[in-house]
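The next block holds one structure in the form of structure tokens; read it before the comments.
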Amino acid sequence: MRKDQNLGEYLRAQGVSRRGFLKFCSATASLMALPPSAVAQVAEALASARRPSVIWLSFQECTGCTESLTRSHAPTVESLIFDAISLDYHHTLQAAAGEGAENARMAAMEENDGEYLLVVDGSIPTGNPGFSTIAGISNLDMLKETARGAAAVIAVGTCAAFGGIPQAFPNPTGAVSVSDIITDKPIINVSGCPPIPVVITGVLAHFLTFGTIPDLDPLGRPTAFFGQTIHDRCYRRPFYERGEFAHTFDDEGARKGWCLYELGCKGPTSYNACATLKWNEGTSFPIGSGHGCLGCSEPGFWDHGSFYKPISAGLWGPRETLLGAAAAGAALGIGSAMAARARKNKALKEAEADSS
Amino acid sequence: MTLLDFARGPALQWSLIILVAGIVWRVLGAILLSTRKDLSTPRRKSGLKDGMGTIASRSLPASAFEKRIRFQHITGYAWHLALFVTVLFFGPHILFFESILGFGWPNLPNGVVLFAGAIALAILIALLIRRATNPVQKLISNADDYISVIIVMLPLLTGIIAFAHIGARYETLLAIHLLSIEAMFIWFPFGKLMHTAMTFPSRFQAGTSFGRRGIKA
Amino acid sequence: MNTPSQAFTEFQVSLAQLGQNTATDDWSDDQRMERARHTFMSRLDRRAAVDMDTCIHCGMCAEACHFYVATQEERFTPAYKIDPLRRFYRREVSPMRLFNRLFTRKLDADDLREWSELVFEACTGCGRCDMMCPMGINISDNINIMREGLAAAGLVPGELRELQDEQREKNTLFGVGADELRSVASKLAEQGTQLPLDKVSADVLLLTTAVEIRLFPEAIAACAKIMQKSGADWTISTEAFEASNLGLISGDKASRRSAISRIADKAKSCGASTVVVPESGHAYQALRWESANELGEALPFEVLAISEYVARALKDGKLSLKPASDLGSVTYHDPCRLSRQGGVFAEPREVLQVMGLDVRETDSNRRENLCCGGGCGEYAISRSARIRQQAFDLKRHELDDTQADAVVTGCNNCRINLMIGAEKSGWDMPVISLVETVAGNLAE
């Protein structure tokens, strides 16, 4: 795609029909909870949008987020939209290497100062700066430097949004999220391990259409996608309401598709769109294949106890502490009773003396 | 640490420690007090049978009294029954107990549990109103009586709210529900909720002391 | 039958004069509190502690209390009557005492004065609430502790205080002592009933009460006849005839102990194997259940209520009764301290049935029986007259509902209170004594 082409021209050149494009626009509008009347606006804005420059930084991550976004099994409008941005810097995807790669980043920052979008995946180590470096630059420095001229930052994946797995106990690298470092730019957290691809494109579409960032929840996530829990939208919800639970992964309840609450499903406390958008082009999502939600779009999901521990179960130390408590209680009880006995014996003598 | 993590973790652990230590402390502190051996010749030997008999028999009032306490009798039964159903047979609750005790049991349908919870809450409110208005109860009530009722009401209320997802995010509601239970655990050994444990020794000693005089208590 | 006799009228006059020259203690409030504290502290044992820790303030005990039911005055709720003790327990003895002090008001001498009214004037210690309490709390036991604490603090109502002091200091009650017993004995001898007074040794030591000597000499005669007929080797002691124990009622330890030890010493010195208690509920409680504990040793004699003695003699074939000709149906009023607190339920009913009587039960009976309203010395306290009469009305309705020809009781105290109530309200159901009925129907 040439830089002077707008998105509409590019898509037409790629053989995407007007009909297909509008379908995407209306789907995007509805995803973002916009009224139907906004579809035309979305279409017009997208069609005439200039390709924004995007710099993608990958820190302590596993490339799962990139995989999620690029490994669609067939080219889709979403992937084309994704192609349509000017992805000026992305380790995994760019052809350039070494000096050339870094130069590309610097160039993009210079050319689009104040306008480019910064996408980050992976968390940032704050321990030893040598834990993770790119071209000899620590993640922390690179993030600060690159964020300076960005219009907005999109933290893709739970690691970038909340610290994710690198931050899990005992957090050996001192990993933190983007928002722990960058406080003076709009940050959109697109959490998930990995996030749903269409959520990324939806956020991009929103930015391209309105030039603003969408409504965010208290954790900085677009409410259009993260406004409801998995549990709220789960097709197994009626079984929960009736108290019908699978107790094991192969019992009668599991075969009947009953609620997975007892098997540790984190759906009730996880805000994401999996239950409606689903994965693999709307094929399924974890609960659809009989496994509980891990809650991967939530902060600290790795440290909320076992994935298979129900959310109403306690998360606490060994049961033996209760034996200790009982022993302490016994000591107090015995002590108190002994003291009261001594006082009683004294009082007995005093009462005898009173009555004689 | 999120509020829910706090509620499920340290708050739960410490409230349980206080609960267990407090119950043992208070029960032992009372039953290890000295006691006078009754030197009178018993009418008949009394023991386990009388004690257990009274534990059972005081569960139903004598007919001469029943007509005068019918309201309390019926609400008392309904309240405890509804509480047991709510606490012990809601699926998520069983999982909670399982995480402490190491074993679980089958749950009841949520509709039944929700109904029981609502009944329990309604009865508690009625009893609280009665306590504040009935001349006898008003006179004999102390702070403990009100604190204990309210602190038991809160988990029921927050539980129903959490179940219905009203007013806040589920994790917040769940955390508040857990914290309200933990508040109750902490209050438990200090207030009259201890009757849960003390009723049995109390009835038992009534059974044996009246039993040796030939009276079925 | 209930027309007041000359003696009964005189007795009521002497009741009215009680408390006028009662000794008082000029103790400061602090001294009173200190003395009460010693007693409460020494009496709060495991049993009381469990009771104090179990009460949930449900208030159901009110519905068992004849004074509350009759008057609807909430201060008469049994749990409220022991509230100071509970407060004391919570602050001083409870395992959580340090915590409890934050929430529990300290007891003071004004509380003690206020509760003196509640536990003496508005409580007969009947123990009906003990049977009602869903938690199994022995409220009447705790009332006793309250009374003991108040007695130690010198806050016993004047009437009881005067009687208690008279018994301890002069060994008389209502002015009745050895001389009065002797004169009754000679009167009875004229009527053909011998009382073998002061035998050096005897198998059975029969007791009587000042009230019987003044009001019911027929009851003494009846006991004597029963003793004779059953072939007992028995005696009445002029030094230790008094079964009543005012110290048990007032809570005064020294009086209680002296009255008990007087009888125990006499029983031991004459080698009695059995002490027979006349128709007096609290005397039965004092001697049957409290004496060994009071003296700190198991006693070498058996204590029987006269109704138990009769039932046993009937069973052993030492006594036989003929059908009662002048009565058809009766209802038996269980004296609280004899039945609910003493365990004597079956024997009086068996005896009445042997005489061919139709024994009807009141709506509340046996362990749930309603108090006569003035039990355990309560009738002596003039200030409780109003509520006593209201409580009597409750009892009276239950008795009337049986439509029995007469009410039989086994306690002088109940008998007197029912007679007082009857006199005031014009009630005409005859109140008769079990032992007199038995003596009137002894078979040859």
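Order of writing sets the labels: A, B and C. Residues in every chain begin at 1.
In this text, a contact is a pair of C-beta atoms (placed from the backbone, for glycine too) under 8 Å apart; a residue touches a chain by one contact, two chains touch by 3 or more.
No experiment lies behind these values; they were computed from the predicted model shown.
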Higher-contact pair (C-beta pairs counted), A-B versus B-C: B-C
Of all other chains, the one whose Cα centre sits farthest from chain C: A
Chain closest to the middle [Cα centroid of all protein chains]: B
Chain centre separation (chain A, chain C; CA means) in Å: 80
Inter-chain centre distance, chain A versus chain B - centres from mean C-alpha coordinates, in Å: 42
Mean-CA-position distance for chain C and chain B (Å): 38
Chain B, residues touching no fewer than two other chains: 25-26, 28-34
Residue list for chain C, restricted to those that touch at least two other chains: 44-45, 93, 95
In chain A, residues with contacts to at least two other chains: 332-333, 336-337, 340, 344
Complex interface listing, chain B residues touching chain C: 25-26, 28-36, 38-41, 43, 54-55, 58-59, 61-62, 64-65, 68-69, 72, 76, 134-145, 189-190, 192, 194-195, 198-199, 201-207, 209-210, 213-217
In the complex with chain B, residue positions of chain A that touch it: 229, 231-232, 240-245, 261-262, 268-269, 299-300, 303-305, 309-317, 319, 321-322, 324-326, 328-330, 332-334, 336-338, 340-341, 344-345
Contact footprint of chain A on chain B as seen in their complex: 1-2, 4-5, 8-10, 12-13, 16-34, 90-93, 95-96, 98-100, 102, 107-113, 165, 169-171, 174
Chain B contact footprint on chain C (complex, rising order): 44-47, 49-51, 53-60, 62-64, 68-69, 72, 74-75, 77, 79-80, 83, 93-96, 99, 103-104, 130-138, 288-293, 296-298, 302, 340-345, 363-365, 367-368
Complex interface listing, chain A residues touching chain C: 332-333, 336-337, 340, 343-344, 346-348, 350-351, 354-356
